[in-house]
Structure formats: C-alpha cells, structure tokens
Amino acid sequence: MKLISEKGVKRLLMITAFSAISALLLIALFIINEGLPFIFKYGLKEFLFSSDWQPHLGKFGIYPMIVASLWVTLGAMLVGAPLGVAGALFLSEYVPKSVMNIIKPTIELLAAIPSVVYGFIGVMVLAPIIRDNFGGPGLSLLAGSIILGIMILPTVISISIDSILAVPRSYREGSLALGATTWQTIHMVTIKASKSGIIASIILGMGRAIGETMAVIMVAGNSVNIPHSPLDSVRTLTANIALEMSYATGLHRQALFATGVILFIVIIILNSIASVAIRKRMVKK
Amino acid sequence: MRIHPRYTQGGAVAVLGGATILTLMILVFIIFFILEKGLPVINLNFLTSNPEDMGRAGGIFPTLIGTILLPLLAIIIATPLGIFTSVYLSEYTKETKVTKVIRFGTDCLAGIPSIIFGLFGYIFFVITLGFGWSIISGGLTLAVMILPTIIRTSEEAIKSVPKSYREVSFSLGATSWQTVKKVILPNALPGIVTGIMLSVGRSIGETAAVIFTAGSSLRIPSSVFDSTRTMAVHFYILAREGISAENAYGTAATLIIAVLIVNLSAYWLMNRFIAKRS
Amino acid sequence: MNIKFHIQDLNFYFNNNKVLKLINFEIPANIILGIIGPSGSGKTTFLRALNRMNDLESGSRIEGQILFDGEDIYSSDYDVVALRKRVGMVFAMPVPLPMSIYDNIVYGPRLSGVNDKKRLDVLVEKSLTAAYLWDEVKDRLKTSAMRLSGGQQQRLCLARVLAMEPEVILLDEPCSGLDPISTAKIEDALTELKKEYTIILVTNNTKQAARVSDYTAFFLMGDLIEVGNTGQIFTSPNKTETNDYITGRFG
Amino acid sequence: MLKRILLLSFVFIISLIIWNCGKGKTSITLAGSTAFQPFAEKLADQYMAIHPEVAITVQGGGSAVGVQSANSGAAQIGMADLVKLPEEAKALTATVVAKDGIAIVVNPQNKITNLTTDQVRDIFNGKINNWKEVGGVDAPITVVSREAGSGTRSSFEQIVGNINLKKDALIQDSNGTIRETVANDANSVGYLSHGLINEKIKPLKVDDQECTTESIIAGKYKLVRPIFLLVKGNLEGEIKNFIDFILSSEGQQTIKSNGLLPAK
C-alpha cells in the first residue's frame, strides 16, 4: 500500500529542499559571476565611494545610489510597516470574520497590480500633490517611499493577519479574564505570541521594497544625487540596474551587474539589521 | 502619571482603526483609479479578439491566455517545492546553523529585483538550456522568483500549528510524513494559501522577469515552448511606449477583476475545506 | 507474572541536565501503575521515555536500557512508530485534533491501514463505550471534536488511544483539568481497562493513585525513591521521603 | 487531497508539453528595442497575411537584448535603436529600416514655442535654470531626460552637441513615462519620439523648425535617430524577404503612418 517508505519521504523532501535552495543560490552565483570581475577591474573603492555615474565616459560610481536605496527602503518601511501591522491587528481583533474574508483577498489583490500601474499612479497623482504642496520636482525620495510603502502593504498585512489569528484563543481569554482591555491584550499577549510571523511579514515586505524596480524608476526621478531632503530626486540601486540594462553593453552592462552584487550585500546587511532590531524591540515588549 | 486603561484602549482603537481606514482608502482609491479609466473599454469583444494596429485597437485575448498559463505554471512548480522545503526545514531537521543560513538566504533573495531574475532566466533558460522565449522559461523563472515568499509563509504557517497536535499524532503511531500530511499541512493551510495568493499576485503583476524570459509575443501559443504575453506586459508596453492609454487601463482593469475573482474563490474554497474538516 | 517493561540503569538528560538518575525497576502486565511525585521530579519524563516521545524534544539523551517485551526500544533499529502503536498515550491537556469526533477516533487505525468502514464503525463504538463517552456523543459523531467539553475531550483522547488497540496506555495527569464527575468516569474506565491493558498513570493527586492503582512508584528529584504495592506504599512506606510526601509535608 | 493536487498538476504539465501541435512553419523571431516592437508586430502581421507559411514572433527586452540575441541566435533579427552600434554588434549585418524624429516637449501651459539649439543645450546642462531666461514665466525648469545608453538620449546629445546633463535632471526610461511626466508638471521639459506627441504635451520648434514628418523628411529638423535591424551573417532566405518587405513602399508606408519616419 505504501508507495514510498518514511526514509524515502525524508530523502525526497531533502532533495526538494536543497533543489529549491540551490536554485536560489544559482541566482546569487549568477549575479556574482557577472558582476565581480568588473569590481576587480574598476576598483571597489572607486566603484563604491565615487559619486560620478557617467557610463558613456566610463565613470561608474554608485555611492549616491547606495545612500538613496537605504533612504527609500527606510522610508517605505516607515510608511508600510506601521500601517500594515496596525491594519492587521485591527482587522484580526476588531472586525468580524465574515468581513475579513472579503477584505483580506481584496488586500491581496493589491499584490497583483503590476508595479507599472503603481508607477503611473505615482506620476499622475502623487507627484503633483507633493510638488504643489511641498515643492521640488515631485518625483522624489518621498514619492518613492510612499509608493513602495503602499506596495508592501499586502505582504505585511496578510502574513501578519495569519500569524495573529494563529495565536490560540486561550491566550487571549486568559488575558481578558485578568481584566485586561482588548488593547492591553493585543499589546501584551497577541503581539508577543505572533511576533515570529510579524517579523517574517516585515522582512518579506522589506525584500519587496528593496527589490522593486518599475514603480521606483517611474516615481523616484532617478537623478544620481545624494539626497539632501525627501523632496530630492534619487536613483536606487535596483532602479539603476533596470533603468539602463535595456541599452547597456560591454563594460556598462558589467557595471550594472556589479551594482547587483553591491545590492545583494546591502540586502544582507539590511536583513541582518532588521531582524536584530525588530527582534530586540519585540523582546522588550 | 498613569493613563487609565480605558483611555489607552480608546486611543489604540482610534489609531489602529485610523490606520486600517487609511489603508483601505488607499486600496479603494487604486482600484477605482484603474477601473474608472479601464472599465469603459471593456466589453466582450475586447476580451475575445486579438490586438490590432499595435494594440491601439482590438482586444487582449492572447494576453488572457498568457496571464493564465504563466502564473499557473509558476505556482505548480513553486508550491510543492516551497512547501516541501519548509516542511523539511521545520519538521525534518533540527534547528542548526545550516537551517538559519538557509532561512536568512531565502529572506535575502526575496529582495533581489525581478529584473535580475529576468536576466538570469534569459541567460540560463532562454539561451543556455535553449528553451527560447517561452512559457516554460517564464514559468521556471517566475517559480524561482516566488519561491522565497512561499517558503517563508509556509514555514510561518507550519510553525503556528500547535505542538500538541504533533505530539498527539506521533503518540497515535503516526510517522513524520503522516503527521505532516494529516495534521500539519491541513492546519497550516490558511497561511500557506496566503503565501500562494501573494505569489500568484506577484507573478501575475510581474513584467521585467517575464519580458526577458517568456517574451512578449502576441501570438497565441501552441506549446509550452512558445512565447506569450501577459496582461501586465501588455499594459507595460502599451503604457510605456505611449501607444494607447485607454487599452492599457482596459487591460489593467480586466486584470484586477480577474485577480479579485481568483482570490475570492480561492478563499471561498479554502474556508469550505476547513469547514468540512471540522 | 508477565513483565511488560524492564527499566535498567536508566539515566536521562536534557541538554546535559540529568533529569532521571539510575532508574531500575520492572512493570508487570495488566496492572495500573501509579506514578506520584512533586512537580519536576521527572515522572512525566519517565513516562514519555516509555514510548520515546522525548525524542521530539531537542537535546534529549538517554543512557541505560528500557526493554519492552524483552526488546530494547532505544536500539537503533527499533521501529518507533510500531512502538507508539503498542504504547498509547493520553496527555495532561485534552488535545482533540481539529476534525470530527469520528475522525479523531479512527485517526490511529487509519494510519495503520484500516480503511474498512464497517470495521472502523465498530472500533469507534467500542472505544467510545470503553471510555464512557458513547452515550453522550453517539448522535453527533460527525461534529467537531473541538466543541466537546473538557471532560468529554479527555475521554475522547482516551477512546482515541483505545481505538489503536495498544498493549500499554500511558496517562500523563489526565484528570488535572477535570471536574470530580469527569474524573470519576475516567477512573471507572481505567479500572475496567486494566483487564486488557497495562496502564501507567502519572498523577499529581496522591489520592487518585491510592484509589485506582495496583502499584505505586514515587519519584523525587529524578530519583525513583520507592516502588511497591499501592497498599504498602500508602500505609507503611519504607522511606521517610515517601511518607513525607503522601502525608503532605512537602510537594 | 494532497495526492489529487499533485496528480492534477502532473497531468497539467504533461499535457502542456504534449500540446505542441501544428508547427513546421518557417519561424522568425525578432527581439530588442521596445520602441520599435509595436511597429515590428504590425509589419509582421502584414507580412504573415501575404506569406502564411511564415511565423514571425516579436519580442521586446531592449536594444541590448536585440544585439545579444542576434549574436546568440536566440533571435534571428535583433532590433536596436542605438545611434552608435556597440563592439558586440560589429559582426552583425545592420540595416536601417526606419528613422525617428525626436521632439522637444513641454507642458501645454508653457507659453514658450521655440528654443535655439544653444538654449536647449544650456537648459539640459543646467546653465539655464529658469523659464524667464528664455522668455517664459518666472519658474524653475524641471529637466526630464532618458537614461544613459538610450538611443533617443544618445542621438539627442550627439545632435545637440556638448551635452553634459545636469545632475538633478529627472530620468525616465521610456517614451510613455516621459510624456506622462511632462504632462503632469507645468515647468518641465523633455524629449521623446515625435510620433507620440498628443494633446497632453506641446512640441517646441528648434531653431524655428517645426518637428513634423514633412520638415524632418525635408531635412530641416535635425533631431533624428536611426532604427536598425541586426542579422548574424548575410541576409538571405525569409529573413531577407521580411526585411525587404519592411523596406518596400508598403512597409515604409506602415512605418510612416504610425509615427516613425521612412528609412530614406
């Protein structure tokens, strides 16, 4: 009756696990293989710390883009994470299940809207609002952060809702029975019990924010500038890759892949900081 | 000074509710923005005829097919891979440095821009493996792209299944796989479905990775080795090359209506499944 | 008398903390063995060692031997799954799986490949009856087990174990969360069941051990202080610690 | 449940692979420039209507992909709107099949109608920063340009000459997004393919020459860039026939009536 033995299942699962992971590794290797030679040729210091990006003159400095990437990601997290987690808490604690069964799929719909559509909304609606009220060109760090913040909402909200709903009812009842208000219960019990899922949602959301290209290209303005205010136009590392890849050949193309390598390192650093920082805050609570 | 719990309660409800309302308003605005521009062009003819005159006239029929096939293929490949991986990581191995590194690596890859996945797919599937611009190249590339999301969400869902269920199942003489199949996966289903829906969304909305791997041919594919164009790519080309804003938004509106139907029915099916079980 | 378990020089560690120290004794078949002792005395760990549930905890390690019908259950080629089918377990908190009452009961048999509807029906009735639950639930077998009351849930868990037709039943403080009536029902069931099964009952309630068990073992700080006839343990214990515990001087 | 899902997906994949039917046509794949892609699709439709035995597939991906895929054989014909073909394209046979006029555009609210080449250069270099310096209202100029490497930008910079784009210029990477940006910002100036001018933006005269098809063909308007088709080896067989068709009066008429300029 049994087709595969228990040991066989384990081996099979191990193979799938490692094939999935090696597919992901392959991508990492691919980027490094295409980009690393350029860094050696051009010099890491010059590449990282020069502010001069003029591919036609053979000048490839990505410092402003690193700074911009960090700011835009931080901005997006400031917009998306609190809104998303708050929304998830409210929806799962205060809203009846039947309503949530409609709202949650609808929020996940936002994940399927092509990022180009977000880009157009940014250019046509958000940028003019920023320009008319705050000045500057409108297409800016601020616009990029807001659009990205909105784009990560479905990821943050959906995954958080799941982990909040997975908190056993007895925890909540225990807290409420001790005379805690709903908010105190959320604050002291629910968040703590579901923190692993909330962290995962924020980190996946951050991944989406760093990795998003099309929408950022359209709304952030793409000047290779170290931003001095949120109203300045900026170019992120991802934008740089997607923006120029379609015409890039030779050294220029390699430089774009090298941008990918640096991006990868930035992601690693950001992920480490994020997981440590979030975990610390959560633990304090 | 200590604030009375009743006030913090009220304040918290106001803040959380406010954030939720703001989020929902943004959501509604985006949907209305697209529908308002797109609905006027949608009719039966638009859905069932081929694009004409560079996409300025005619419909979007071939892109409907691409939009169904590509994400479906990606999901079919990535879902078992992702779920099995997370099952392996959470049920079959002890928490070690290796699993931590794997998890961290997965998180990092979730942040790789889709264009990189596209270029990778282009060089690996399209050129090296010789699949050409095709549904299969695109599906495989998208599958790799959504893997991190599926792995992480499934893992979180599996983690949230109470430990006592596992103990009971084992104590009743279940093997690990029987426990996974009968207790863990069914109870982790809501979380897994969330991951799948987010991934479906991501692969339906994706452009860069698709253009480089599945191509953007408007012909109706006759095999998985043929190229295809998804609605997102169609929107991308029409809107970015400034060909036809009307048809671009018509495509986007069709897309969100289709996705909404898919999402709602997936959740309806899931809830029915859960209700039937208990 | 037929011996079910031989425990020989058993040491048990969690992450290098020794939680069981050099345990030696034998458990005969078809009796109820009560295990008593204060919290943290290692009695639950001992119980879970008997069907290798401790394997699920990371950092657990064992020295010595546990022989079940003469076979070392910790030898590397021993079939754990088969062991757990022969040695069933009821946990302290009732944990019905989120499925119907019927599906909960047939969970074990189905795993062993029993799919015949008629046989399963018979099993369900038999085990629910043995657990004194049949009359209360016979009309709603297809409803969710989560909707039962705590006492009913625990009896369901017992019935679920019985449906596997094991040889030994391990119970880990099965009545800790139950009212006196539910407790009495479970105790009645146990007394009835010892004809066919070997029952090992961990309990915090010394009176319960006195009421239902034939033999009683007293654990303290990971040591097996004393084991013997229930009557003898409760009336004339050999060790002062035992006496102190059952008279309520500590614990 | 799980088994059923797995089985279903397996069946689905197999049927997808078997589904392959009715091939055996000569097939040509074009890939590259997104700007030329819609034109290529239309030309391919027309060609296939006359030659049903040929199947033409058109892919985008950008000019760099055009060069690479013509080299690697992933496509038989690469499309590129580069002004100067890169090293990698040296081994390819390049044919100019169309030209594209580049219009300098502003928001319709802007009163300016004409700029000199020097003014255009100074604006994009950041020497002129306010519209009043060229006769407009007192408002800062927002410069919008294409990305480095873009065919439109290279030709724009080459033809205007001595451009060293100012650092805070906004960058957009397609005609459509440039048009949208300029349409939504009253103080902006950008440039794009002249075929895409509509009522939301206003083209400027350069050195008093209007940017119209006629004036470009007459050689009066200077901002023009070529569009290449790239083929590995010599032109022959169906590939040659198709390119010949594009260069025929019928093909060139299609190109002209949809907003590009004929090759000659």
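By letter and in written order, the chains are A, B, C and D; residue numbering begins at 1 in each of them.
Simple rule for what comes next: a residue touches a chain if its C-beta (ideal position, glycine included) is under 8 Å from a C-beta of that chain, and two chains touch if they have at least 3 such contacts.
Note that this is a predicted model, so its numbers are computed, not measured.
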item	value
Pair of chains ranked first by number of touching C-beta pairs	A-B
Centroid-based (C-alpha) most distant chain relative to subunit C	D
Innermost chain, where centres are averages of C-alpha coordinates	B
Cα-centroid distance, subunit A relative to subunit C, in whole angstrom	50
Between subunit B and subunit A, distance of the C-alpha-averaged centres to the nearest whole Å	15
Whole-Å gap between the CA centroids of subunit C and subunit D	77
Chain centre separation in whole Å, for subunit D relative to subunit A (CA means)	32
Shared interface positions of subunit C, touching two or more other chains	81
Of all residues in subunit A, the ones touching two or more other chains	6, 120, 242, 245
Sequence positions of subunit B contacting 2 or more other chains	80, 162, 175, 239-240
Residues of subunit D defined as touching subunit B within the complex	2, 6, 9, 12-13, 16-17, 19-23, 29, 31, 34-35, 37-39, 41-42, 55, 57-61, 65, 69, 72, 74, 174-177, 179, 192, 196, 258
Partner subunit C, residues of subunit B touching it in the complex	94-95, 162, 164-175, 178, 182-183, 186-187, 277-278
Touching residues on subunit C, where the partner in the complex is subunit B	51, 53, 56, 58, 81-82, 84-85, 88-89, 91, 93, 95, 97-100, 107-108, 111-112, 144-146, 157, 160-161, 164
Complex contacts: residues of subunit A adjacent to subunit D	53-56, 119-120, 123-124, 127-128, 131, 137-139, 217-218, 221-225, 232-233, 235, 242-250, 252-253
Touching residues (chain side subunit A, partner subunit B) in the complex	6, 9-10, 12-14, 16-17, 19-21, 23-28, 30-31, 82-84, 86-87, 89-91, 93-94, 101-118, 120-121, 125, 150, 153-155, 157-159, 161-163, 165-166, 168, 180-184, 186-187, 196-197, 200, 203-204, 206-214, 238, 241-242, 245, 260, 263-264, 267-268, 270-272, 275
